[in-house]
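The chains carry the letters A, B, C and D, assigned in the order they are written, with residues numbered from 1 in each.
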């Protein structure tokens, strides 16, 4: 009998996510973000969160919706442009922001998912990112020691999933979703299409179900596009 | 125009692989080993090699064929059972053997492929594997510092590939082939089926072509089974 | 005294619902045959598979689908394939709930030796050092004494170690024992027909016996 | 003086056959439009794609397929998708041959500043610090002077750094310059109609001029 991770919906999935916790949210820009869970977090009104995510959404979508309700105490991200409310909270000191290189963000997630306590990266050497951090030289090149993230929840969005928790992503919506899925103490996956075990090709699975604690089929995906660019 | 990595065959692929070099060979047991390239290495008679591979083949197949010809100076592996010639060379001192934990083998390859100079692993703490290595405590647990491999060539075997070097593996023949493919200074991939760019689904590729320097369609795969076990 | 199948059957009772389990070579492999139907369990093979199924029918044998013991196997619905790095990543990140493996020696503080006998052939540690360094729960399946009649439950291991302070429970042909955090083998159950005295004789390390020791139940 | 398209066109000449290239936002993105047909080049987008193609037709727009600038894009035959960890892994392992990006300032020893203006809004470094810390070859595409007419080619950067000793070449509206390993901007080419004197006036850091400086050729 295969282990079943299915929960009813986003509300059920985040039921025990509480004030003051640290959460990871997958996505790059608005691509591959867990829309249903973000909506549920906004509805639940959970506060004082530390959010780890590459971006902070835009004013009226993605993590921007949580910022608007002042649910976020601290944001750890690599790029936070194009968000007026974010800017206001940052400048007023309401929001604590830690900006880190995008690769460092990915590797600190990966480290957590691989049971590595820390990793070495050359990104940020000689910059303010290196301040207060251990620098070590290997083979003539300097590296920063960066520690694994420790997140209470990771919330990711996949294209397809099965009730055993196996996930498949589409195109560039994969981004941070894989490494965050592997990094959460509790990982919640929302998927566009949830199927029974055996319906996904085991060879094509991007994240094995062992990393996933709760999974549900989301609904009403808006999948907003930040920069629609077309060629004639 | 897509970059083309195709070479004619195994002989062409290993043409500049020379005596004394360090090579990685993918596979777990005899599953997913680069049969064509091993045959070409045996035929070429290149010597004094340092081989990094999870196993050392069996007496008359896999890396065992190279051991038989005394082409291997040093073997870095995690498990080398069931190989009489290996045992003889080890006991006679002809062969230098470094046994390392299987996860450490995988991570030292991965580190090379990810540009990480070293990684921390708990495997081997308190054992003879830790002798002479740096031990560091993170969050109350001890870890060993293990350095990235530095291999002149990585030789892997995939199920399908395209001329741009993209690879897809089948079932458990994936094993070390992915991380080794990413780790070689020059990586050679032999595949059962080589197709044109565009024939593989970009979403299903296990190793992107950027890691692969030479690719060819192999022939006459024996795919020997070490332990055929069936249920009635 | 239990035979190998009975040891495997007893260990199967330790497997919890909704758990991910890594089975070593030998007796541990047999455990899969005794999982109750109502228990959801997913077996990991560290060469890159979650959802390992039984051995294949002759017609379904696939050289590309083997377990860590190099045996041909099958996949169950819901299985997932991955590479060796991710496999040991999930082991080190403690995503695998239980590891069951064999041992040559276990010490009373939970050290384990199972990969090398100096002077004899060294086959290598394979994935054992990774598994014992990280598993949340480790159960050892082994004979209580070696071929020379010497106890394998020792004060300190004499063979090169695979890992330290990691074994939580031991199931042998004679007994089920817990390794206490503060050290010592706590006798939990006797095999049918085996006396506490028999177990005392076969155990060299510190044996802790409190109250009546029940006989194993198998139902 | 070159316009943005001409800067991109000049940089395109730097791209070698059979190379993997990462293009930053702004002028670097335009470079893709000027690659000669006989040059095989593969563009990486660090959010997880190798083999990035042109913008899609209206009917082919896919919210799940964007580049690092969040623009909708397409994939070319032979493209491969991966996650952010592998993407930056291949960057750090120097599998990407060339990085082309914009800058606010470059110093004569190759330091680059392009992510933050203290006191003003901080948008974050995104992937820039990873790219400049690892790329084998970095070309900066930028204006020679800022909006206030101040040189962006300095002895030392005044803005917070993105990376140190990494820029190899700079292409501006006025000139092509190499950053020498021992320090200094070596003038390689003048833009059409631009004199060496014009470039001297616009360059605050150490400018090295040896012999006749040719005018850029574009074909």
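The rule we apply is simple: contacts are C-beta pairs under 8 Å (C-beta built on N, C-alpha and C of every residue); 3 or more make two chains touch, one makes a residue touch a chain.
Since the model is a prediction, treat every value here as computed from it, not as a measurement.
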Next on the checklist: Just to be sure I understand the contacts, which chains border both chain D and chain B?
Outcome noted: A
Next on the checklist: Roughly how far is chain B from chain C, centre to centre by C-alpha average, rounded to an integer in Å?
Outcome noted: 29
Checklist entry - What is the distance, in whole Å, between the centres of chain C and chain D, each centre taken as the mean of its C-alpha atoms? => result 56
Item to check | For chain A paired with chain C, centre-to-centre distance based on mean C-alpha positions, whole Å | outcome: 36
Checklist outcome for this item: In chain A, the residues touching two or more other chains are 107, 114-116, 121-122, 169-171, 202-203
Checklist entry - Which residues belonging to chain C are in contact with no fewer than two other chains? => result 49, 75, 81-82, 85, 88, 91-92, 134
Checklist outcome for this item: Full set of chain pairs in contact is A-B, A-C, A-D, B-C, B-D
Checklist outcome for this item: So, in the complex, the side of chain D touching chain A is made of residues 45-49, 54-58, 61-73, 75, 81-85, 87-88, 91-92, 111, 121-130, 133-134, 160-165
Next on the checklist: Under the definition above, what is the set of chain D residues touching chain B in their complex?
Outcome noted: 18-20, 37-42, 44, 49-51, 75-82, 85-86, 88-96, 134
Item to check | Touch list for chain A against partner chain B, complex | outcome: 107, 114-122, 138-139, 141, 143, 147, 168-171, 202-204
Checklist outcome for this item: The answer for chain B against chain D in the complex is residues 1-4, 112-116, 162-164, 166, 182, 196-198, 202-203, 205, 208-211
Checklist outcome for this item: Given the complex, residues on chain B that touch chain C span 28-32, 54, 77-81, 87, 90, 97, 99-107, 109-110, 121-129, 159, 169-179, 206, 223-231
